[in-house]
Amino acid sequence: MTNFDKWIDRFSQRYPSAERLGVPVAKWRKSIYVTIFESNTKLGRNFDRILTILIALSLLVLIFHSVPSVQKSSFENLLSGLEWFFTIIFTAEYILRIISVRKPVGYIFSFYGVVDFLSIIPAYLSIFYPDAHYLSAIRALRLIRTFHVFPLLKGFMEDYLFLGRALKSSARKIFVFLSVVAVIVFVMGTLIYIIEGPENGFTSVPVGIYWAISTVTTVGYGDITPSTGAGRFFASIMMLIGWGILAVPTGLVGAEFYRNMSYRPDGMKYECDKCHEKLHDKDANFCKICGNEIIKK
Amino acid sequence: MTNFDKWIDRFSQRYPSAERLGVPVAKWRKSIYVTIFESNTKLGRNFDRILTILIALSLLVLIFHSVPSVQKSSFENLLSGLEWFFTIIFTAEYILRIISVRKPVGYIFSFYGVVDFLSIIPAYLSIFYPDAHYLSAIRALRLIRTFHVFPLLKGFMEDYLFLGRALKSSARKIFVFLSVVAVIVFVMGTLIYIIEGPENGFTSVPVGIYWAISTVTTVGYGDITPSTGAGRFFASIMMLIGWGILAVPTGLVGAEFYRNMSYRPDGMKYECDKCHEKLHDKDANFCKICGNEIIKK
Amino acid sequence: MTNFDKWIDRFSQRYPSAERLGVPVAKWRKSIYVTIFESNTKLGRNFDRILTILIALSLLVLIFHSVPSVQKSSFENLLSGLEWFFTIIFTAEYILRIISVRKPVGYIFSFYGVVDFLSIIPAYLSIFYPDAHYLSAIRALRLIRTFHVFPLLKGFMEDYLFLGRALKSSARKIFVFLSVVAVIVFVMGTLIYIIEGPENGFTSVPVGIYWAISTVTTVGYGDITPSTGAGRFFASIMMLIGWGILAVPTGLVGAEFYRNMSYRPDGMKYECDKCHEKLHDKDANFCKICGNEIIKK
Amino acid sequence: MTNFDKWIDRFSQRYPSAERLGVPVAKWRKSIYVTIFESNTKLGRNFDRILTILIALSLLVLIFHSVPSVQKSSFENLLSGLEWFFTIIFTAEYILRIISVRKPVGYIFSFYGVVDFLSIIPAYLSIFYPDAHYLSAIRALRLIRTFHVFPLLKGFMEDYLFLGRALKSSARKIFVFLSVVAVIVFVMGTLIYIIEGPENGFTSVPVGIYWAISTVTTVGYGDITPSTGAGRFFASIMMLIGWGILAVPTGLVGAEFYRNMSYRPDGMKYECDKCHEKLHDKDANFCKICGNEIIKK
């Protein structure tokens, strides 16, 4: 089993493997386990689908509940009620997950175990701090599994994994790049603070760095802008630098994508043993360059 | 006939095939049909050209008519008159298209059949709702056929199809990418709403999401900007994320373009004599299916 | 002589060929011709260098002259004087170019002939319309030849031609792409005008189109922004579209660049006759894939 | 030893080679030299690590010290004290570096020698000009060595060098590109000054150029925007141009990255046994210089 296959498995299962969770022996616990942790039974698949729809609905309620005109309308009570309804359901789900496995710790401290917990706790906190319940927006992360759950969207899974693989292989380079950008942005942010000063809106070095980031990334809000000649000259140079180095992550990911295209979706390589040509089509049996048969490894 | 050829055909014909429309038998109906649905007669080609010019002119009139200083001037009546003139012509064209085929339903519910209908109906609606007539701007979609109609621009058709093919083959990946961005933007938009709050312009979660999209895409209007230290720190991280993931669609489409360049524009000339596989790469010397040498004709 | 070499020649000579200009017979005219039109004599090269420096200086004077604080200072007269000094020199140069060739029409209507004319005429117009003299900024186009003139910068010529070649080969595709963007921007600009209306700053359809372009290109000035919920939702979609299609020209040019890298700077190809591998280094004598000798064509 | 290896060496050593600095003979001076200039002893490595942490801390102090609310608080004295503490340490380090080598000039005028000097002098200048001490932010440049110093981050060194190599090989092309952009931006900035004029915020040609740069790079602050119809039309064209040419540096760097990926990260392992050429591509089977087969070790 290659590294790549393990990754697919870990991803499609979402929760830790049966060994780490400990499949329960008691019949009633086992049937709960199979339904909520696995998706190879009809009941399990339907559970996943209903859960995904409930998550999406709970997020919609959250969005609408935050709109001032809705808060003042008669819908307010309905939306509050719905939020508590969803909280109870997801709390019940969380408790069921814990009691249905023999080693609850394996679930509680897994990535999605933490997300599940963080998605329900803000609602209870909101009794004391009303605004806290918006933090349950983190529940949106659970929607990433949508492609896996609905048969119609399963075709996208391959592209999803392709994107992930390409990003993963550029991740280290992008990290290095961002750390160099951090040094540039720090020096630039300090210089603009010296040039323009608090009287032109650059009230501190952190504000200068915030401005430098918004300029280098070409976002350019315009809430803080240079107004002296020297500051504008300096800003012009920064824009050109930002524009130039924007090319770096883009070029990196693009080159990585193209290289990844020569791998089959299952992570195997198609390389001709004779002429070492790598870019063969998925359906190729013979090398298009030298005519040698391709042994699929 | 490969999938690709069908696509070219469907595109160049614009309207459904003769079989689906039903070529009329009566001589007068058939001559109308040939003129307005086909472009292999001189009359048909001229009809297409005049129609394209009329569409472009009607859009220019629409633009000028919306300018306040024009609306107050003496040109107002002239432009109103011209708009009705164009509406009558396009209505007549629509009626002719319906009566000249034996199966009008095939035309009415085709893509361009719907566009044709939506392009004339707003003018009639404007009798009751004056602003409605701007909706006829959808007529602009009919201009996409311009490359096909004018001989001078026919050279661009190949590039047009190349772009379409490359985009089509990245479409699924871009869709997957945008759905991941949607999750990020939702979480970020909720967090900024909690951090900054209504007192700094982030009046609701949807407004936060609107801000998050404008930041991640590096548009950065600056109509809503963070003003607290925490908010600006958070925004800086979002800009860098946005800048980084901007690389994803760009890299994807670029890699797809480069791969597409190795296919012949006509997609079928390199046919294998043995197994009759047609879709070989430009640089292929041997058939990828059966290993037979390809004789380039 | 390949197409590519002709292009180099035309570019390095800048002015039409000797045949089209008509080399004069009289000795004094011929010596002027050789000095100002050719660059294979020491005098000719120095003339080119001094001219380039004068053009750069005249542009600097133009820039400084426009600053309000300079206009009010005692430098004003000096700068005015310098501008007239440059105008007289460039006028003299223009007259010399005309009288030193036998067929002045060939020079006057060539690309740089027109630029030369447009660079001096605004100064004379400024007697009647003071602001007109800024139009002489078009003189900056003459600076593009700088890489050719100075020996230190000659090394950049190859990169300059590489960029030109790659852009030239994507030009048609970029044109097709921009015409599709034009249709999208027109429809979007009209829709935002209907949604937001004049009361929110979208005073006419052209203003809506201006906004749509600033959004799709991710410039996002923020001088006109949607303020209704529907408008912001619509704007969010537009930003994502713009972000997505931004990938198209970038990907195109990138793919074209990569393809161009397999050509030698002199436009000849390095392709292996045996295995058809194309990406060889400049100094390669043998194919890195199959070991076959490369015959440089 | 190839050019590339020299570059790695120079980079990892940071300071000039032992020959250029002159290793001292006296025992106490030599032990100082080995500790602060070299990193092959345990003491030397720890010195490097502590120094890197001190630099990072001194920059954090600088940032916090600039925030107005901190300046007014009781922390002010603590931060001032810390800044002087860091200044004294770095001054001591600078003096030690000078006295521990036999040829101090070789150190003082090296790149990092100048950075070291510029990092301590602003603190002393701040006695006369209080704001000057922010200039010590240039110390951030010393952090670039972080990847080299900490064992955990050493894995990133390869990616760091990869990025550097790819950027270095596109540097000339990007310079040529930016000089063409400079000409465009100059002409455009002058034209918008003529079109919009001082009454709409375009107070001089330099301001127009500043606006043109912010538009072409898609930053779009929105502090200065066109308000006439002609100006907006002109701005729309500029945005599209900027969007189009943005593709150029991106495409360039991307293509360069992809080409660089085919080189081995160590750049020298595939040595030809016959002609001893070392810089072969990753996919090379035969020597590109002499055609001999490469035995991959």
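Letters A, B, C and D name the chains as they come in the text, with residue numbers starting at 1 for each one.
In this text, a residue touches a chain if its C-beta (ideal position, glycine included) is under 8 Å from a C-beta of that chain, and two chains touch if they have at least 3 such contacts.
Since the structure is predicted, the reported quantities are computational estimates derived from the model, not experimental observations.
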Topological distance between chain A and chain D, in contact steps: 1
Copies chain A and chain C - rotation angle from C-alpha fit, nearest 5 degrees: 180
Copy pair chain C, chain D: interface residue numbering same or different (half cut): different
Pair in B-D, A-B or A-C that repeats A-D, with over half of contact pairs matching by residue number: A-B
Chain A and chain C, separation of their C-alpha mean positions in angstrom: 42
Rounded Å distance between chain C and chain D, as computed from the means of their C-alpha atoms: 30
Separation of mean Cα positions, chain C and chain B [Å, integer]: 31
Distance between chain centroids, defined by C-alpha means - chain B, chain D (Å): 43
Where chain B touches two or more other chains, by residue: 206, 209, 218-222, 246, 250-252, 254-255, 258, 283, 285
Chain B-facing residues of chain A, complex: 59, 62-63, 66-68, 131, 134-135, 137-138, 140-141, 143-144, 146-147, 155-156, 159-160, 162-163, 166-167, 174, 178, 181, 206-207, 209-210, 213-214, 217-223, 246, 249-258, 261, 279-281, 283-293
Partner chain B, residues of chain D touching it in the complex: 218, 220-222, 250-251, 254
Parts of chain D lying in touch with chain C, wherever the complex brings them together: 172-173, 175-177, 179-180, 183, 186-187, 190-191, 193-194, 197-198, 203-206, 209, 215, 218-222, 225, 227, 229, 232-233, 235-236, 239-240, 242-244, 246-248, 250-252, 254-255, 258-259, 262, 280-281, 283-293
